[in-house]
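Just passing along the structure, written as structure tokens.
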Amino acid sequence: MTTQMSKAETQHMIAKRVALELQGPCTVNLGIGIPTLVAEYMTEDNIYLHTENGLLGVTDVEEADIDPNLVNAGKLPVGEAIGSSFFNSSDSFAMIRGGHVDVAILGALQVDETGVIANWAVPGKNIMGVGGAMDLLVGAKKVFVTMNHTSKDGSSKLLKECTYPITSTRQVDMIFTELAVFNVEDGQLKLVDLMPGATIEEVREKTEAAFIE
Amino acid sequence: MTTQMSKAETQHMIAKRVALELQGPCTVNLGIGIPTLVAEYMTEDNIYLHTENGLLGVTDVEEADIDPNLVNAGKLPVGEAIGSSFFNSSDSFAMIRGGHVDVAILGALQVDETGVIANWAVPGKNIMGVGGAMDLLVGAKKVFVTMNHTSKDGSSKLLKECTYPITSTRQVDMIFTELAVFNVEDGQLKLVDLMPGATIEEVREKTEAAFIE
Amino acid sequence: MSKIQHDIQQALSYVKSGDTVLVGGFGLIGAPLTLIDGLTEKDVNDLTIVSNNLGESGKGLGILLNQNKIKKGIGSYFTSNRDVGDKYQRGEIELELLPQGTLAESMRAGGAGIGGYYTTTGVGTDLAKGKEEREIDGVKYILEKAIRADVALIRAHKADTLGNLVYYKTARNFNPLMATAAKTVIVEVDEIVEPGELNPEEIVTPFIYVDFIVKAQQILTKEGVVSV
Amino acid sequence: MSKIQHDIQQALSYVKSGDTVLVGGFGLIGAPLTLIDGLTEKDVNDLTIVSNNLGESGKGLGILLNQNKIKKGIGSYFTSNRDVGDKYQRGEIELELLPQGTLAESMRAGGAGIGGYYTTTGVGTDLAKGKEEREIDGVKYILEKAIRADVALIRAHKADTLGNLVYYKTARNFNPLMATAAKTVIVEVDEIVEPGELNPEEIVTPFIYVDFIVKAQQILTKEGVVSV
């Protein structure tokens, strides 16, 4: 990128771009991190947010209205929309695994050139948490992934093959980074958009995975 | 039997005898027929009735209070006790199959001398209905069976081996007929009581199954 | 697009010949009587009907049966309609008999992305024939497969306009499970209310499961089924 | 015999060394904080704890962990407590990591008499290693086993004196499932009411699942956990 953005600015830029892809009516599950920010940029009022800890109809909450027993999957305080409902964890994952959630937006550590992602474990570190990531990947009708295009050392996170343990054999549908937006079509990455300030040359240089321009 | 009782009187006699075996607090599922009558003779107020169509806390209902959408497994109108709850069919059978119902009282067509029963199908006739019988047999902590001691032709329904298809490989716990009460202990029938008017000779004569006196 | 349909036949346009259709209710209690009635007026056949019973003789699904629209029935208690047995003996209908708990659990599994499950129910009986038996931790189980369908016709008490549902007493039965296990879910209700009128802690079927809502025109009363 | 226990240690007398214990909550939300606190004061060890998380460092189940009372943890997200990783590296604790939906479903199965089930979740990943893979109707699944336990420690919002339970917002999470999957179920609640005060259509956990009820003495507030 030629312009220098703060980490927060970059995250918001990605979240805003993801929001453009959401058309209601639909139900969306937001992962922790950048995905959570997507809610701020959704423009349609018939998009409902599902959180796997047991609420359909997540909204923002004002500081004064915070309820410690009303949180999202990141354990952050949320509000409840009109028409929302509460349910237990098995009913919540029945919704996810059973294919009743339209879109899951997840973070990823790596993605391979067929759209398979790794987002739950790093080799050599203790494998300590998986949460709902594997369930969302097998169950959501569409999966959108937000991620940094490169590691701190500059190496690509869009790889020929994931070096970290994969989260599912399922290929995701769209990938959003600070440089570019890709569709996954027939098991191939297809560049569909450049992010503000990014050039096609930079994307080519920083993407190990093969992609269709 | 020496005394002549009507069919209804006999059924009530059996139901009354079964009721003596119920000690609260417990949850009891009543099958169709004689088992339903047991409710009339329960004396303790901490016995709760479960019906597999989705209610824990079945009571009698006055004619004036009949609600067509509040019925038991025999589709007969019932009432709801204080502290009752409604649930769907899968949650209801989760209670049954998961071992959370203390006693199931069922009718039977035949019982063998190890306490295995047949109560859902007759060979040569279409096998058309099983309902919740198989679930109750595998799941209830205790199973009590009410049945006629003999067929219309006088042949014993307590047999060495069932000739009808069995409902479960599980042995029931007690058997109640118009002549006698049996416990099932270590896979053997044990006579524990004679019904009013019955003699040990009559029970011996009309019981094909081996039993301990 | 509103989920509310005023035309029953329009709502039923999603039911096609050859479809597998889940139909709620325990006998007539909690059955979608209006939708079933609509189905008897619709030109459709070769249906596989999954329902605890196939109605009673000449009533509810029993009419559909006598119209020869049902190719196969999957249920737990067909005894309530003597016509089922007659048709079966004449080879005019296939039947799959399942224990009631298995029928319920298989639809829950279908709705929850579970392909099959091991249950104790039926082990060692004629209904286990052809099913895989397996011992897990010393207990014998049989494998039962999930049930999924093209359409579910269900009944609830109230819907809000989003499609959230609550039920009424023992009319709940199979309905909430069926709502999860079909591609298209059509519900008939006594009352349609605005979002926010149903308590979020009390909603049994969240709106994501419901595609179309119709107002009930056939109601079960003490005196039997009446049109309203 | 009343299910209400005024003495926390008396209620916890059902927890024995070597037991498998289900502990409700998603982090601290919906966790039985009073019962967990009681467990940290109890002389018990070699526990297998089934819970989404093992608390946070030095909080909730985290205290129990640091007291070396936990032999094994089964959960979906141990990352929330860095001490778990440290102990694991030192070989001081066994861990079984399950996807969150599998964790929930396995307890539901345990409570429902289901021995195991085929799920799509985890197929082809490291968490499927050693698990049977099977194709059903063209879809790949892995076999997951039911979870059952000796004791469940859960949290609800209100109980009636019979043991019927209702929950509060996202504090519901795993609690109703755990109530079904243990031999002894101990619940802590904000409020105890008389039978009849809870709406029968709204009860989430029917009383047959509940053995003992205690009043919560540790409450999660905006300011953190406070004693009441």
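Just so it is clear, A, B, C and D label the chains in written order, and each chain counts residues from 1 on its own.
Quick note on the criterion: contacts are C-beta pairs under 8 Å (C-beta built on N, C-alpha and C of every residue); 3 or more make two chains touch, one makes a residue touch a chain.
Fair warning: this is a prediction, and the values are worked out from it, not measured in the lab.
Shared contact partners of subunit A and subunit C are D.
Averaged C-alpha coordinates put the centre of subunit A at 28 Å from the centre of subunit D.
Centroid to centroid, with C-alpha atoms defining each point, subunit A and subunit B lie 55 Å apart.
Here the CA centre of subunit B is 36 Å from the CA centre of subunit D. Multi-chain contact residues, meaning those touching two or more other chains, occur in subunit B at positions 80, 86-87, 90, 93-94, 96-97, 138-139.
Contact with two or more other chains is made by residues 105, 108, 112-114, 119-121, 167-169, 201 of subunit D. Taken as a graph of touching chains, this assembly fits none of the simple shapes: it is neither a line, a ring, a star nor a complete graph.
Going by the touch rule set out above, the chain pairs that meet are A-C, A-D, B-C, B-D, C-D. For subunit C in complex with subunit B, the residues that touch the partner chain are 26-27, 29-30, 52, 76-80, 84-85, 88-89, 95, 97-105, 107-108, 119-127, 167-177, 204, 220-222.
Considering their complex, residues 25, 27, 48, 50, 56-57, 80, 82-87, 90, 93-101, 138-139 of subunit B touch subunit D. Interface of subunit D with subunit B (complex): residues 1, 108, 110-114, 160, 162, 164, 180, 195-196, 200-201, 203, 206-209.
Contact residues of subunit C toward subunit D in the complex are 105, 109, 112-121, 134, 136-137, 139, 141, 145-146, 166-169, 199, 201-202.
If you check the complex, the residues on subunit B that touch subunit C are 51-55, 66-71, 75, 80, 86-90, 92-94, 96-97, 121, 126-135, 138-139, 165-169.
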